[in-house]
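My structure is below; once you've seen it, I'll send some questions.
Residue numbering begins at 1 within each chain, and the chains themselves are lettered A, B, C and D in the order written.
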Amino acid sequence: MPAAEVDALLATARTFVREVLVPLESQLLHGTWAHSEPLLAGVRAEARARGLWAPFLPRALGGLDMPLDAYARLSEVLGWTPYGHYACNCQAPDVGNMELLLQFGTDQQKATYLEPLARGEIRSCFAMTEPEHAGSNPVWMSTTAVRDGDDLVITGHKWFTSSADGASFAVVMAVTDADAPHRHARASQILVPLPAPGYTLVRNIAVMGESGGGWSSHAEVRFDGVRVPFTNVLGAPGRGFALAQERLGPGRIHHCMRWIGICERAFDLMCRRAASRELAPGDVLANKQQVQFWIADSRIEIHAARLMVMDAATRMAREGQEAAREEIAYIKVFVANTLQRVLDRAIQAHGALGMTDDTPLAWWYRHERAARIYDGADEVHRSVIARRALKPYLASATPRD
Amino acid sequence: MPAAEVDALLATARTFVREVLVPLESQLLHGTWAHSEPLLAGVRAEARARGLWAPFLPRALGGLDMPLDAYARLSEVLGWTPYGHYACNCQAPDVGNMELLLQFGTDQQKATYLEPLARGEIRSCFAMTEPEHAGSNPVWMSTTAVRDGDDLVITGHKWFTSSADGASFAVVMAVTDADAPHRHARASQILVPLPAPGYTLVRNIAVMGESGGGWSSHAEVRFDGVRVPFTNVLGAPGRGFALAQERLGPGRIHHCMRWIGICERAFDLMCRRAASRELAPGDVLANKQQVQFWIADSRIEIHAARLMVMDAATRMAREGQEAAREEIAYIKVFVANTLQRVLDRAIQAHGALGMTDDTPLAWWYRHERAARIYDGADEVHRSVIARRALKPYLASATPRD
Amino acid sequence: MPAAEVDALLATARTFVREVLVPLESQLLHGTWAHSEPLLAGVRAEARARGLWAPFLPRALGGLDMPLDAYARLSEVLGWTPYGHYACNCQAPDVGNMELLLQFGTDQQKATYLEPLARGEIRSCFAMTEPEHAGSNPVWMSTTAVRDGDDLVITGHKWFTSSADGASFAVVMAVTDADAPHRHARASQILVPLPAPGYTLVRNIAVMGESGGGWSSHAEVRFDGVRVPFTNVLGAPGRGFALAQERLGPGRIHHCMRWIGICERAFDLMCRRAASRELAPGDVLANKQQVQFWIADSRIEIHAARLMVMDAATRMAREGQEAAREEIAYIKVFVANTLQRVLDRAIQAHGALGMTDDTPLAWWYRHERAARIYDGADEVHRSVIARRALKPYLASATPRD
Amino acid sequence: MPAAEVDALLATARTFVREVLVPLESQLLHGTWAHSEPLLAGVRAEARARGLWAPFLPRALGGLDMPLDAYARLSEVLGWTPYGHYACNCQAPDVGNMELLLQFGTDQQKATYLEPLARGEIRSCFAMTEPEHAGSNPVWMSTTAVRDGDDLVITGHKWFTSSADGASFAVVMAVTDADAPHRHARASQILVPLPAPGYTLVRNIAVMGESGGGWSSHAEVRFDGVRVPFTNVLGAPGRGFALAQERLGPGRIHHCMRWIGICERAFDLMCRRAASRELAPGDVLANKQQVQFWIADSRIEIHAARLMVMDAATRMAREGQEAAREEIAYIKVFVANTLQRVLDRAIQAHGALGMTDDTPLAWWYRHERAARIYDGADEVHRSVIARRALKPYLASATPRD
């Protein structure tokens, strides 16, 4: 995609966000899904009309065919407001499911699941995390999918199955071959149309005070003997982890760039507040050195974060995901922590107002606390980085006799 | 109060909290006020039956007459659960209003406002903060109370008037003498029975996603010519700030000790989680050095926080509030920040579970973010401390010719 | 010791430090030991004349018989200047050796080693750390002391044997019974008169750029078959670790209180600088909010540190060292880190001047970096704290079937 | 310069550093200048022989003509060891003086000062900072240069005139027109051959315990009526600040990249230590999660630092210094603080060894503490960043009536 085209798209997106989405923010953040969904349908139509639909999808599927590094920049622009990605049909978890289907789906799977998703007619979810097992150890999983004739019978308990409420299908991670010699070859990803006999949505989990609904929810679900044809396996059986890795790499870049968008919005709100809030007649908050330094430190960190994400995206686009694995670990830790600090400073600069839902800061403060947890907690990525850094040193260490 | 009696009370309170309050936590945190209020009525009856009612009030008013340092320890115990103070009728903002009435109220004011409050029959609120003015500059205020015959006519706009919803009266801070030479002598505190003609509860502000209700809410209110008799002034006219100071000193100690209670609960939850959550069969989270260090650092900081609060409380009990002013500033900053760090670590140790409302951590995480803002933001107290520290040095600095 | 007597002693010490020691600071810090030693001899005579000699020793030995909590306060006063403790003959490592001899020495050992040390006629050292083994694992040690008739023959390699240069004897930790079933019962502490055949002072280690000399040095030493009578064992054979623990508990309190003295001095220098350094005519550094907040944060942290140290000292004085073990771990971590932060801020406030030896800040900055390493690194103490905190939780964790 | 040529140069430099400089480190860091200078003369001959001489100078002057972004990468390689830049004749302050002379010097000035400097035959210094005035306010300066016929007569007091000891000339910043309407147009930079009548080198300042000597020193100097011809003004009279700005921009990039070199060396030492230091037989430090996380956090921060410096260098090379001003402020703060954290972690990982001069860590720890102070303290740059960020917001803020 030529640079000029990318720039034009970014400009369009900026206008769209400011003109269409920001004015709806308050309604979207604080209403129910039943209230939001029709509003968002209108917003989506507008996004499509402005040529912002499904930016990462190929043109054949109605998308813009943006390469990863260009898309990362767009993702920042959309991140400026909580429903930016949803508006353009590039929201998690659908975006990840679309990428998987695109890359690994059979023609039939594409026709059944990808195409309506690409058109924004249906929604989907991804059921991997289990409440009984630590996410830091992804091969430890209790959900099973047992072969029975031409079918697979799925039994298990999942949570943080985001957007399950109202989803037309789930991609379910389940153990299909518990005895496979390599522990990363035991699970598969399976397409499960929803609702289905044996499937229960136990609850939309109350997360930071909100159970939400529809796309904006995180469900606990149960599969009690849910039966799907064996052909619903995505990719090959036993390739579940490999596919999850494929899914997570670009997903982390999307998240990171979205977080930078949030940082920029928080930064903008902090500066506005500093320039306008009077401590005494004529004496604004911006005169306080502490506020200045919150602004300066935030600017430095956001700048660093963006350079790192663009570097990782460029490397992944050029050399593939495996080559960029370490850079992705860097950004997952650095950007999530930058986000938390910037939001914290912006709230402090707003005083009591920062605690209210009169700005989107408090919404991000509570919901994006998860950024340091999902898709690999800080601790997981730091371990990965350390292991790789130490490897050559440990290999060469003189063994003790 | 003899040490043995204090110890016995603390033991009683601990049992009460664990037996009665903790089992109700989930309902109380996530239900509406209409749902919670009757539950809490039962809880309060139980608190009274166990001799834990109104610990800071004199016995004549049905209380326990605990001195500040003993009460501070009780406050920690009650802080273990979000409704601990409410259960024992020592919750903000009523506790502060009771202290003010006790110390400065006329006999009639006491009979009308204090006594039913002490019995837990009514609730009250405190209307000081204004959305248009920075809390860091408390003398800058737009609400006025103008003398008209035997009455005062109050006009103004307030927010974060916590618990106004359902309150039987407000203590309102208003300018009564805009021309007083000393700017700390311009405002008064005025008792306003609610509801009243001219008074509007504009909204329960959505704070971190929750508007709440009843005691558990923060209102925006308007006074448009609300008329009260001049005898409703609390203390003397022009003494508003002096009274606010009287109110805030012990209030900050109460808050700090409550926060330590929260810290201890978060610490307990973190340790339980560390000891029980398996990363792989037989390998618990507690084996991870990072988790151990979160626990160690939290323990050290909580220990420091408690010593500082007890030191401030002891000094205030012994030498009065003015003497302890600096120590109070220390704890307001230190404990609020310790609280935020400990909660953050406890959430991280819980992973996805930490984001949910299945533990009280997420509730505190979002609502106690305000601890660094209310009753003097970090920045206000740090300025006070620095000014006092620098004073002798600046006085002696050789002036430049 | 009556409170009034303690207060009088502290006042005397404060005057002594300011009148006698501070004026000599520059000479003492930047001259050689050959230059400093005679100056310090005069200072010591003055300390003795002012009744400040050997505050922790019993009166029979010429000391002041101060209990630990009173001594802790004195230690802060002396910590204000780098040679404060040396001036009063309560400097490490002699103070620890005197405590050990006092508590565990035979009459003959006391006559030979303790008495001249108490009079300040000789100096001593403590040889425990070995370059080949991590200090975090104190039972792993290569130095041995082998019985040979009535003698012990010591062979080993030690470093950070502080003040070995010029010392009249060393207390050497060596394995005397490698096969003792309990690994804490394998080593002994042995008195070794210096110099001795087989003993070599390899070098005064260059530490942060300075090799120093005399008391002010850290030696690497070798014992190649150094022979001492078996009666030179201190306490009982195999009690080496028990004695080391006895030595380290009060030692850590002494260090912590000394560090608080350094913090207070740095704080004083920072305030002086802030009040006098002009950024423009009439505009002093103290007007900068960042500088104010360095001052406020330092004040808060020093206050917390002092309360924690006094709490630990009081508990140790009252209940013994074992009871105060956890509190000692708290302060070792908290105070050492506070020290580093306060020094860092004070240097930053001084700008280029902070880098120079025109103030004592740079000296402390470089040499007290060791505070987070010696007598148990931060990581060792945090592990101890976490282990103790987790113990009850791990004990009760439901085992996995 | 073609990429392949840059890569080849970097490889040559890496080999040179490891083969020639690292083995001499211990001697160079801990000997006197009299001892070091002849060693360094040999090293410089070797650097020249390997084609690494004066990388930033044009080929006509014997240099490599490297553009800024390529030079920044080389600077990292040379930063790996404390004398790397000196070895290649690109050490501060000579490098800055050469850049100034190259850009602004007259032919005669170039012949007299630049050419012997480029050949490494002489050394120079830069006298700007005054002890009486804060470096954060560079226009406040007392040194004057008064016109007297064809001469300028310089009177003033400077310090941190690095490398004055043995320098053949100084570039002196002095007020030449105190009444110039624009306060940035009052001073000039003047070439002063040394020694000179009226010039005194008062002392080599003891910095972090070391007075040093020769190039490796920081002098306090006095100019008492030092007379130079008016033609010794560099650039035009009154252009002193403009030239200082020209000098500082690339200088900060050089410093930052050198600091990254130090970070990489510290990282390497930390990993080596982690992989080889045993805590118990067979159990190395690298097994500790805390150590792993020091390594991971250091890797992330160094990566961010490098991307930021390369981004700033690229922008400056492409668009000029003014365009890159903000990016330079970012890196000055971010890299200096990263440096301090990485060194601190590396020292902690080394335990007692980290305090010694057996590694270069302690040397950098003490001397690079200045990184947060010189060339604009953290606070100065953060103020600049905040001012620029707030400008558009303050401009648009609705004025209060």
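Operating definition for what follows: contacts are C-beta pairs under 8 Å (C-beta built on N, C-alpha and C of every residue); 3 or more make two chains touch, one makes a residue touch a chain.
Since this is a predicted model, take the numbers as computed values, not measurements.
S.K.: If we look at chain C and chain D, which chains touch each of them?
M.R.: The common neighbours are A, B.
S.K.: Would you pick out the chains that touch chain A and also touch chain D?
M.R.: The shared contacts of chain A and chain D, listed by label, come to B, C.
S.K.: Chain B to chain C: how many Å between their CA centres?
M.R.: Distance between chain centres: 43 Å.
S.K.: Rounded to the nearest whole Å, what is the centre-to-centre distance of chain A and chain C, using the mean of the C-alpha atoms as each centre?
M.R.: The mean C-alpha positions of chain A and chain C differ by 52 Å.
S.K.: Using the average of all C-alpha atoms in each chain as its centre, how far is it in Å between chain A and chain B?
M.R.: Between these chains, centre-to-centre, one finds 38 Å.
S.K.: Could you tell me which residues belong to chain A and also touch two or more other chains?
M.R.: Residue numbers touching two or more other chains: 278, 281, 288-290, 293, 379.
S.K.: State the interface residues of chain B toward chain C in the complex, per the touch definition above.
M.R.: Within the complex, chain B touches chain C at residues 267, 271-272, 274-276, 278, 281-282, 284, 286, 289, 291-293, 295-297, 299-300, 303-305, 307-308, 311, 327, 330, 333-334, 379, 381-383, 385-387, 389-390, 393-394, 396-398, 400.
S.K.: Could you pull out which chain D residues touch chain B in their complex?
M.R.: 288-290, 293
S.K.: Of all residues in chain B, which touch chain A in the complex?
M.R.: 30, 129, 131, 133-137, 140, 159-160, 205-210, 277-280, 285, 288, 290, 347-348, 351-358, 362-363, 365-366, 369-370, 372-374, 377-379
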